Each structure stands twice: as C-alpha cells, then as structure tokens.
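After this come two complexes, each holding subunit A, first together with subunit B and then together with subunit C.
What follows is the complex of A and B.
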C-alpha cells in the first residue's frame, strides 16, 4: 500500500513534466481535429455559430458528387504515386552512387548539394523555381534555346505543369530520402556481400538478393514519409500555380483551402477528413506491407 | 586485367559526371537567385543566363525596405524572434514530455497523450491550420506572437528524437540514482539532462531550421502583416501583380541565406539528426 502511494507521488512529477506537452497536443492538435470533424457535419452558413445546424453526411455526399473534387482527388493520387516513385528512385540511385567506391573525393560536397534544398525555406525555393520556369525571365527556356532544344511549357502549359512542380518538389525533398538510404547503407552487413562475391554472385545478384533486402527499413520509412508528404502537397501549388492551369494542379489540400476561403466550411472540413482517412489508411497499409518480411 | 581496369576507369568517369552534373543542377537555383538579386529586372529579361551581375550594388535592399506597408526590418525581427522563441519552447516542452512518456509509459493517461500526438502529426498539416484558426479565435490568440509561437512548438521530429534518446538511457543508470536516494527531480536535473545536452543541441538546431521555413500557420494566425516572417512576406510579394522581380529575388536571398549558412556550419549534426528522427517514425 505504502509502495503504491510512493509510486503515485513519484509519478506526480511525471504528470507535471508531461502537462505542457499534453496541453499543447490537446489544444492545438486534438481539439482542432475534433472541431474540424464536427464542422464537417454542419451546414456551412451556421458552422461558426454557437448552435450550428447539423446536416448529417450531407457535406460528404456533396463533396463526393462534386466532379471537381473527384478530379482533384484523382490528380492528387496520380501526383503522389509519380512523386513517390521519382523521389525514391532518385534518392536511392544517388545514395548508391555516393556509397559506392567509385567516388573517391567530393562525397561531402555531393551530399551537401543534394541536401541543401531540404533546409531551404520551401517558399523561397519554389519562388525561385517559379521564375526559373518563366517564359520571359526564366533561365530554363533560355538554356534550352541556347542548346537548340524545343521550349518547355513549364507552369503555363496543361501538359507540363504537373511535371514542373514534380521536379521542383523533388529538388526540395529528395535529399531527405537520400540521407535515410545512406544511413541504412552504412549499417548494412558487408560480410554478406563478400560471402556472395566468393560464391560467385554477379553484381546484379549481389544488389538484388543481398543489399536490397537489407534496405527494407529505409524503403518502408521513405515510402510512408513520401506518401504522407505528397498527399498533402500544398505550398508548391500556392507559390507556383494556384491550382492551374485548368485545374491540372488543383490537389485536394489546395481545393479544400479554397473552399474554406469561400466560407464553405462544411465541405472544406469534409474534404479534410476524407484526406486524413486516406493518409492514415495508406500509411498503415505501407507499414503492414513493410512488416510482412519474408524469411526474417 | 588492363581491360578490367579500363572498364573501371570509364565507370568512375561516368560516376563523377553524374554526381557533379546533378549537384551543379541542384545548386544552380541558388546561384541564379543570388545573381538575379543584383541585376535590374530588365537586364534579367534580356539575358536570363548571365552568370554574374553587370554591376554590384546593394541598392535593391533599400528599395525593398518596405513591403506591404511594413518595414523589412520588422520581418527580419519577426523571423528571428518567432523562430528563436518557438524553438526554445518546442525543445523544453517536447523534451520534458517525451521524458515523462518514456519513463512512465504505463501511467494512466500517458498512452492516450502519445496516441493523441501521433494522430495530430498524421493530420494533413495545412488542413489542421484551418481549425487551429478557430481555436486561436476562441482563445483570443489570433494575431498575436503567442499564438504563432505556441503552434510552432509542436513537431514530430523533435518528439521522436527525444523519445529515441530517452529510451536508450540504460535502466541501471536511473536505478543507481534511485538507490542513492535521489528524487525524480534530482534524477532529471543531475543525471538525465547533462546526458541529454548533445541531443538537445541537435533538436534545437533542426527545430530552428524547420521553424524558420514555416509560413502557412503564421499567415493564418496573423491578423495583419505586422506579425509576418520573411517567408510569408516573400509569398505575399510574389503574389502581387506586376511585382518587382529583382526585389523578390533579393528577399528570397534574405530568407534563404541565414538557414543555409547555419546548415553548412553544422551539416553533420543536422543530417544525422534528421535521419535519426525519421528512422524512429
């Protein structure tokens, strides 16, 4: 009994220590999320009043039958898949290159060059990219012209807008995925590779059956991070395209924000809840698949 | 043997070409931004690729001395103050919280706090900011520094780095202190905190870099440009019609340079810390 009381009084310190953290989490995390979910069940015009009118799933039905939202959701998913693949492929490729024995010097320089954009304020980076793509100011088309290559449509063309922001976002994010691959590569078991070499494995076989399986943790982490990252794509759209041209880059976060700006709170928060569910569902699925590890 | 060596040489040359080429492509936007900040808008339009400015003058920084009716120095001051204070608050609150949660994972309510936090960081950030606006309104913090700083104090990376560190402290170390009759407060201040200095430095550095870049919560919680930071000012300047291109580039330089310099000074700590914080997630 005294021991239990002693434990409790010792625990009191921990409640005190956790209190500010818990307060912030509740005040600026849980409460807004619940509020957002609550608002998604109310009529927009009454959403901010003390006694809002509840409309059940009407906002969700409205959103799910809104063709702009469905197109936006489809765009978001397509962009996410393309971005995850492009970023991870680039990051893995560059990490392997930096880890190989081929580069004897300059390793730190290459690493810094690729990672610097990660800590560069995204607004600043995307502002520069926006103008790099510009037809009259931009360096990109000037360079293409110099090389005698056809002009790149950049942000103003329906065909190239998605690709343009994908490149700018890759520039900003890929360094982060790269250092995770590098960290994973540096702790791998090199004895296994030597053994494989002695057994006569080709370079490809060594990569495919010895090294790649060991990179599984980094692959899972990077996939989950990149999925969450690109599903939420927002800043790049605000800075570079405002959803255009012709809704080509009007992703869910941006569309929801626009509705919010128009005081369509119910629909905006319904979209937020739908996106939240997708983020959680996909992340959990990715972890689940990653955990289902054969032979370990 | 010589054939093999020649093939290796070729492979090496290819590896260097790819590595150098990609690195220069990644760095070019910085160079272009820097050069454009020193060139008149008309000069850039006629020769966008010119690798250095025609003349070298800091005139532009006085031209953008006022943006959106607010002094440039105010934005600089806001950036420094908001970033520094939110970093301090974030490190203190998260360190203590993560410490309590790792020392007593089974204490009633602690699991709930941890899950609540994990759910919060899964929520699409920019969509969380919107209901946060309503909460700030209810708390009367709209348009205040306090509201901005409080919101910027919560971050996943900070939490994971501290949690990971506290989990690695051997139980024997704590038990030895308990046997010596130390109170929990003494254990924290005399045993744990001294050990946690390096991780605290890493987390502070990374939080500073991350919070310096923040813009959306600051824009939403602000009631006027008086509480804007550099990235927010840059965004509003960039959204203006017929904007001053040279001025935008100069402001982008001002927004980027401090964190780029800080990162280059402490690159090892930042890259290792960010990788470690993610691996936990």
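What follows is the complex of A and C.
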C-alpha cells in the first residue's frame, strides 16, 4: 500500500495530465455504450423514461428468434468477409504496384488518386455512386449500352445490389489500407531480399517467404480495422439502398436503426449490443492470430 | 448635498420608468426549418401586441433529432414551453414520456374555433387526451406536369384508367422533348415502410376507402375486394406497368423529389407545403396542376387527402405553462393563421386572405375540393408500426420478384398480416 501510494505520488504529474483524457474516454466512449446496454434490458415503451421497466433478456430472446435479424446477421458476416478480402487484396496489390519500379512515372499521381476517395466525405461519394448505378440515367449503364452489353441491375436488382455497394465501399476505403501497406513496404529490410536472390530464390519465393512475413504488422492492423469497419456498415446503406431491394443490403446496423424508427428501443439496442460483442470478439481473435509469432 | 441626492433619485426614477415590463421568453421546438423559424418570428411579433415584453423563440431540429431532444427534455424536466409537429409524432412523444398536457379544457375556452371539424378534433386526440391544438391541415393532392398534360389532351385524369393512359404516354412519348427516353409516368417512393405505405394510403384514401391495412376494430382490410383492387394496381405500377423509375424500390423522399424536381416524373404527390418551392423559377416554375386522387370505382367519390395534422402541444413540465397555453390558443387566431398560410402554406381557418397566393397555393388554401382524412391507425393500435414494417417488407418482396398471380399474393399477405396482428395484440 505504501509502495502504491509512493508510486502514485512519484508519477502524479503523469496521472494529472492523463486524467482529463481518461475522464473524456469514460464520459464519451464507455458511458454511452453502458447506457445502450442498459436500455437493451428495458421494455421499449418505457426505455427512455427516468424509471424504465426492466425485462431481463426478453429483448435478446426476441431478437434471436427474429428471422429477419438472423438473416441480416448472416448477410453482415458474409458482406464483411467479402469486403475484407476484396479491400485488402486490392490495397495490397496496388501498394505492391506503387512500390515497384513499374509505376515510377506518375507514382505520386496514382497515390493521390487512390487516396483521394478516403478523404472525400462518404455521403457525397455514395450519392455519386448511386447516380452512376441509376438504371435510367446512370453513366455505367449508358457506357454498357454504348458497348452493346446488357444492362447492369445495380442497386435495384436483388442479384447485384450487394456487389454494387461492395464496389462503392472498396472505392472509398481501399486507399486507406493501401497507405498502411505502402508504409510497411517502405520500411522492410531489403537486404533480406538481396540475400534470398543471391541464394537463388524465385520472385514468388521472395514474396512468399521474405516480403509477406515482413508485412504482418500492416496485415494485422488492416484486417482488424477492416473487420470493425465492415461489420458496422451503415452509411453506404442509408445513402444508396435503405436496406433494399427486398432486404438484400439490410445489415445489422441498419436493421437496428429501422427498429429505432419504430420506437422499438429495447430490441434495437439488444441488436447493437450483439453486434458490439461480435465486433469485439472477431477483432480480438484476428489480433491474437495476427500477433502470434510465426512457427508457434 | 440635498440637491444632489434629489437629482440622483430623479435620474434613477427616470431610468427605471423607461425599462420595459419584465421580459418573458417562450421557446418552441419544431422541425419546420427556415420557413418555420420565419413563421414563429412573425407569430412572436403579433403575440407581443397582446402581451408586451413576451418574445417567442423557435428552434428547428431535423425530425429524427427532434424526437430525441423532446423525449429526453420532457423526461428530465428541461422541456421547452411548447412543441410543434405532426399529430402522429406527438403521439410517440406522449407514449415515451406521458407528459403531454391534455388541452381539452383550454380548447373549450377558445370561442373562435368553429372552423375546426370533428375530423380535426379526432386527429388531435389520443387515448382520450387532446394532445395538440390543430394548427395546420396537411393536404396532399394528385399533381401533374401541366405542360406534359397539355401535350396529351389537357384533361386532368379523373379515373385510374385515365391515369394509366397518361402514365404510358408520359413514359413513351418524350413529353419533355429532349429526344431521350428518360421520363416516367409517376414519381413514387418505396424504400422505407412509411414511404411505400404512405403512397398506398394516398391512393386508398384518395379513392374513397377508409383503411389501408387495418381498421379500428383490428380487422385486416387489404383483401376486401375494393382494397385489393387498389393494392393490386398500386403494386403493378411499381412492377409490370413500368410506370416508375426502375430504381424506385430504393427511393425515399429525397430521391422521389429528385425525380419530380429534375423533370422526369409526370404525375406525383403535391403537398400544400411543396407549392411555394415548386412555384420557384429554378424548380418547377409553376408547371404543375393539382387535383383529387384518381377514382377506382365510379360509385366511390375521389378526394384530396388530409395526410396529417400539425399542431402545437404543451408539455406538463413547460417552464411557463400558463403563458405557453395562451400562445397555443393564440395560434388559432386569424392573424396567426394568416402568417401560417403565408409562411408554411397551410392553416385550419377558412376565412384567410388568399389573394396574394399563387393559383396553385390557392387550390389548397380555399380547400374547395372534397377532403378525406387519414385514419391514423397508430393512434388506436400500439403495435401498428411493427405491423406496417412487416407489411412493407412483404410488399417489397412482391415488387422485387413480381408474382404471376397478384390476387393470390394479396390473399397470402392478408393471412400473414392477420397472424402477425393476432400475435402482436397478444
């Protein structure tokens, strides 16, 4: 105890400086999450009153027996897997291209071009994508018509809506992941590659066994970040499809939001809590797997 | 010294006498945007003539935020003096707070209110409490592009068959003359439950029917022959008839307005609040004409729909409750209603000066057409929003994958809705 007090006293300046940020984190970060979890245990009709009626796990049971929620959860997971793979593969491929000697001329232009969508306000970007996909005046179908190709169903077809928003999100996010990969590529130990080359390793072997292991930090951080990002997919749905057509893009975040609109606060926050648990669980798992030392 | 004291006292007394009576401020929260703020400024100036020193400050929030702010303020005793919004939204506030005042007694004391109909008072009352004083009827008419109509005979369509003929012409005959096939018969919306069911409501009520999905006794109405006829034609409008933009399945209000204001839709909903904007040179420049919704049966009269009632409510914990009630009553006065008509395009009185309004605004202000009001099922059935969401989901599945037999689809939908209503009631 005396030792603890001694440490506190010794580090008092540190704790003093950290205190405001810790308080802000608790107030603006943790407190709303706890409140939301609390609401998930209340009856919706009384959820926002000073003395709500607590209903135990009734909202969770209702949500888990709701076939629309289960379908939207499955859809969210599928979309997340597809998006994480597509975004990381595209970003890694583009980063490798920019890091190579193939794109020496215009390198800065391409870096800017791929990163600009990241800093473009997402709503504005998705509105433009919605127009591009529009079946009556969109540029995409106009181009396909010029080429004599069949029309693309875009956002209004149940077969293509998911793919359409995946492409729009790829455009918006891939630049961010690419920058992380590019930063990691620029600090790798090139001497190892030279040594491997001298030892007779092929280009593929150099990539597989020398460069890729060095990209592990970028892969881990990008995977975790992308998992969080796509599990929570919301804005693109609000702007482009509103969950349609026929629920094909109705992800958990948007479905919970729809329930808020029907004043079903208890079930909506139960859904949000389930999603929160999945995000935390998957992110920590991905981080643990990525953080393991090779060979262990 | 004595003279100095007298001068000082006289100066103080003079200064005090020039101060106004104790200033008081009322706060109103609404979601009407800039037009609403201007309207309340005008009301404030007018009310100050009766109540010197009293000012009214209004704050406008986006509708979603308005809900959250009002509910939390009423629940934490930090309420504004008054709230202003649509009846069904105030119902939700009352459901979540139980702190919206019953205005029956106050309304009883207002002598000049003969213009309020029984229908108006019905849509002001929820579970026996009068939760709003009706201030603005929300009228919604059937509108057409005037120049397109003139190219196609010029007769305003009266029946659904005439609407279908015109819709095909607007889609196929290049009514805007730009040489492109980029126009549609109708501009509708479908993405959210309220979007699609609201559109269906207009066709149902406008054609003389009383309930879209459920009646006050809790009976599902959609497969009754007259209702089923309207529903089938409505669903075909989105699918096999190809009268709307192919992306309509994802369209909400914003996208529907883009089709209308972008000059691509020939027939559409016209709300009384739309007219002022659409009269503008940069928008439709007055190139539209309004009328009642089409008839689906010769023996059922058609009408313009009262799709809502905006009104003022007083929270039980209003900081200036007595003055707030006085202001709420004042909002029915002729001066206040005239300001409402000029700023928002709607009111409830029929003795207002409409001469300064455009002919399109006058159509609503004079209210010379037959009016039919919504039934507001959410005020009777607490589970209605959930039922409506399920109905919407089912209709969207039909629009996305049109069935070969719509009649069977409607019968199946009716059965599903009955089962769900029974479950929700339990």
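Just so we're on the same page, the second predicted complex is superposed on the first by the 272 of 296 C-alpha atoms of A that agree within 3 Å, B and C clash if a C-alpha of one lies under 4 Å from a C-alpha of the other, contacts with A are read in each partner's own complex, and residues count from 1 in each chain.
We adopt the following convention: a contact is a pair of C-beta atoms (placed from the backbone, for glycine too) under 8 Å apart; a residue touches a chain by one contact, two chains touch by 3 or more.
Remember, predicted model here, so these are calculated numbers, not experimental data.
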Subunit B versus subunit C as contact partner of A:113, first or second or both or neither: first
Touching partner for A:57 - first (subunit B), second (subunit C), both, neither: neither
Contact breadth on subunit A, by residue count: subunit C or subunit B: B
Which superposed partner A:228 touches (first subunit B, second subunit C, both, neither): first
Subunit B versus subunit C as contact partner of A:156, first or second or both or neither: second
Which superposed partner A:246 touches (first subunit B, second subunit C, both, neither): second
Touched partner set for A:125, first subunit B, second subunit C, both or neither: first
Partner chain(s) touched by A:74 [first = subunit B, second = subunit C, both, neither]: neither
First, second, both or neither for A:209, with subunit B first and subunit C second: neither
Set intersection of subunit A contacts, subunit C complex versus subunit B complex: 48, 136-137
Subunit A residues touching subunit C - in the complex, by the definition given at the top: 45, 47-50, 68, 134-137, 154-156, 158, 240-247, 258, 261-264
Subunit A residues within the subunit B interface of the complex: 10-11, 13-15, 17-18, 20-22, 24-33, 35-36, 39, 48, 94, 97-98, 100, 102-103, 106, 109-125, 127-132, 136-139, 142-143, 146, 171, 176, 179-180, 182-183, 217, 221, 224-225, 228, 231-232, 234-235, 238-239, 253, 256-257, 260, 268-269, 271-272, 275-276, 279-280, 283
Complex contacts: residues of subunit B adjacent to subunit A: 11-12, 15-16, 18-20, 22-24, 26-30, 32-33, 36, 41, 44-45, 47-49, 92-94, 96-101, 103-104, 107, 110, 113, 116-117, 119-128, 130-132, 134-135, 139, 150-151, 153-154, 183-185, 188, 209, 212-213, 215-216, 230-232, 234-235, 238, 245, 248-249, 252, 255-256, 259-260, 263-264, 267, 270-272, 274-276, 278-279, 281
Subunit C residues within the subunit A interface of the complex: 71-72, 75-76, 92, 95-98, 182, 184, 190-193, 245-250, 252, 264, 382, 385-386, 389, 393, 396-397, 399-401
